[in-house]
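One chain, chain A, appears in both complexes that follow, with chain B as partner in the first and chain C in the second.
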Partner chain A sequence: MADILINVIIAFLAGSLLLGLHRKIMARVQKRPGPPVIQHLLHSLKFFFKETAFPKTVSMPFYIGIVFILAAVWIVGVIVGPVTKGSLLILFGVYAVYKIVEHNAGSSSGSPYGKASCVRAVLSAATELPLFAAVVLVYLKTGSMNISSIIAYQSVNGPLILSIPLAAVMFFILLLSKSPYSPFGITKDKALISGFETEHFGLLRGYIMFAESISWYVMMWLFLTIFFPPLSAAGYLIGMLVITFITAFINATTPILNPNHSVMTQITLGAVCFIGTLIMIFI
Partner chain B sequence: MDFVTLGGNLFGTIPLGDIVLYVTPLNLFLFGVLIIFTLLIAISKTETQVEATLMKLSNTNVKVGKSEFKQRRFLAVICGIASAGAMITGDLFNFTLFMALIGILNIGIVSAVKQTTVLNSAYQYGLIAMMCSLPLFGGAAIILASTGTLSLFELSQLPPNPMVIFGAVLMLLGILGESGVAPFFASKAEMFRTPGSPFIVIIHLSSLFIIVRAVEILLLVLG
Partner chain C sequence: MLDYLIYLLTFVIGSIAGLVYSYKLHGEPFVADSKLNISYCIISIIGWVLGFNSGNMIIGGAGFVMAGFVMGSRPGYGRKESAVGLIIAVLIYLLLHLTL
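Moving on, here comes the complex of A and B:
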């Protein structure tokens, strides 16, 4: 239990600071001073103490419940990932719930911005394909869905990023699509204000930001764990800093794509990488 | 392939005659999330969707009527229960039945809506779902014919032969169409424009979780 609690706190703090760093790097690339690195963490904590307001159009208690489910499901992600190193399929399930919550948090408010974000979230289901394909390819290569077994496989046979690099590229595309201000981030396009988060205030927004921080940490942890040889804590830290820097640089220099282009780009990249990896495995 | 490699340690089985349910962390997680969502759907009211009025500087509030609300809530709850069943069943044929039921219920949940775009989307999705029911059941039938069993326990112990692989590929095609995921999701996206957030959540949730479960089942059969 203490292990779970410690890992959740680490995930929240590290995720928040890395998201703050992401914002800072984007600002510096765009020649702006940007907010302090600690700003995302302070915002997250601040919302927990703000007054919570409920629009009169919302679907109760669904509007509240779905936010708590979002926070709970990423705690499950920490348990299955860094704590127990369990099945990749469960983490895929966690990610699937995250997608559901993303679109329904928007639609449950009655806001047209939330609704538009919801429909785009359904379209952006294409981002699940690279993750799904990467998981299957890792399984085909290692013969296991268990993260502990994948770590053991890599300590004997070398890192998977060298043997199936295109699968790692697919997973990285997913990381990129989930990073703030991503060219694929059509659900949080500024034309939709804050997308599905637009009508969530106070405590509810605090839980959403808590979950976003943990999700960023868990997704990067997963990428580093299944594609790189066994890493120390310092190795994970360096890896997460590098990924945050790369995604921030890409996001700072790339405009957001329109929904159709975003979906087609991800599907095309996913298909090319999937077929390429299959060829590398079987030929 | 064994259950432990895919879903974690086997906690136990629940034999109900020839229907054997089994519980691993993966199945438990998927089942638990679906039950929680189903309960939330059962007790939730619908939102009031605010839309801009054409040619006027005002908004229109779109609400779900009482009879429509009852009908859609009933179908959404049944869809949640069917999806939860698909998550823990240990029988290939039961899985395909749950899958077909989910496809029908997904269409039913939006069929009472009086919006042309939504009904068109449901109609297109319905056509795909109907067409894909043939490979879905056909694939399961081929696996039964070539192995003599539909029990996932027994199928996981048998080495795959070409007919099992063919049946599994057919099943995958059927599942992709029935659940309406990529590349068929484009036909389904418009279904989500309707008000009734607690009901449409189960359409997406059932589709995604069915895919996770299908991956587990297909790897068990082919492993």
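Moving on, here comes the complex of A and C:
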């Protein structure tokens, strides 16, 4: 239990600092000073102490419950990932539930912005295809869905990034789509204000930001764990910093795609990488 | 994992203290002083070196408070000092851990 608590707090703090760094790097690329690195964490903590308002149009109790489900889903992600190094399938399930939560948070708000974001959340489920394909390819290569077994496989046979690099590219596209201000981030397009989060204030927004920080940490941890050789804490730190830097640079220099282009780009990249990896494995 | 939690927490506490103190020192609406601050530089070097190289949870934590104090300064301040501290700490880490 203590191990879970420690890992959840580490995921929250590290995820918040990395998202703060992400904003800072984007700002520096765009020649702005940007906020302090700690700003994302301060925002998250601030929302926990702000007054929570409930719009009249929301559908209770779903509107409140969905936020706690979101936080719970990513805490499960920490338990299955960094704590127990369990099954990739459960983490795939966590990501699928996250998409459902994103959809329902928008629909329960009663706001037209939330509802438009809810519709886009269904479209953006296309990001699950590259993730699913990457999981399948990792299974075909290692013969296991268990993260501990995948780590053991890599310590004997070398890192998977060298043997199935296109699967790693697919997973990286997923990370890119999860990062803030992503070209694939159609659910949080600024044309929709804050998308499915628009009508969530105060404590509820605090929980959403808490979950987002954890999710950023878990997804990067998973990428580094299943595609790179067994890493030390310093290795994870450097890897997460590098991924944050690369995604921030891409997001700072790329406009957001329209929903159709976003979906088609991800599916096309996923299909090309999937077929390419199958050819690499079987031929 | 407890040591990493302590390091993160101390870095965050140092950053918050650094941000508050920095805004007290520099209330201007723009970055007024971009010269290297020697005292901040020394704090940063000591902080990062202790954080990366001490191997002790308490001393490392104290180091990360100092490193966070400088790195968490108001945007536009503490950047060069943090870079100097980080480079020196990484060089010392490599010297201690790499056997050529």
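What we mean here is this: the second predicted complex is superposed on the first by the 283 of 283 C-alpha atoms of A that agree within 3 Å, B and C clash if a C-alpha of one lies under 4 Å from a C-alpha of the other, contacts with A are read in each partner's own complex, and residues count from 1 in each chain.
To be clear about the criterion, a contact is a pair of C-beta atoms (placed from the backbone, for glycine too) under 8 Å apart; a residue touches a chain by one contact, two chains touch by 3 or more.
Model, not experiment: these values are computed from the prediction.
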With the two complexes superposed on chain A, say which partner A:Asn7 touches: chain B (first), chain C (second), both, or neither. second
Taking the superposition as given, does A:Ile100 touch the first partner, chain B, the second, chain C, both, or neither? first
So, does A:Ser87 touch the first partner chain B, the second partner chain C, both, or neither? first
Determine, under the contact definition given at the top, whether A:Pro33 touches first (chain B), second (chain C), both, or neither. second
With the two complexes superposed on chain A, say which partner A:Leu17 touches: chain B (first), chain C (second), both, or neither. second
Contact-wise, after the overlay, does A:Pro165 reach chain B, chain C, both or neither (first, second, both, neither)? neither
Regarding the shared-chain residue A:Pro229, is it in contact with chain B (first), chain C (second), both, or neither? neither
Can you list the residues on chain A that touch chain B in the complex? 56-63, 65-66, 69, 73, 76, 80, 86-87, 89-90, 92-94, 96-97, 99-100, 103-104, 107-112, 115, 118-119, 122-123, 125-126, 128-129, 132, 135-136, 139, 143-146, 149, 267
Considering the complex alone, what residue numbers of chain B touch chain A? 4-8, 25-26, 29-30, 33, 36-37, 40-41, 43-52, 61, 181-183, 185-186, 188-190, 192-193, 195, 197-198, 200-201, 204-205, 208-209, 211-212, 215-216, 219
Give every residue of chain A touching chain C within the complex, in rising order. 3, 6-7, 9-10, 13-14, 17, 33-38, 41-42, 233
Over in the complex, which chain C residues touch chain A? Could you list them? 1-2, 4-5, 8-9, 11-12, 15-16, 19, 31, 71-76
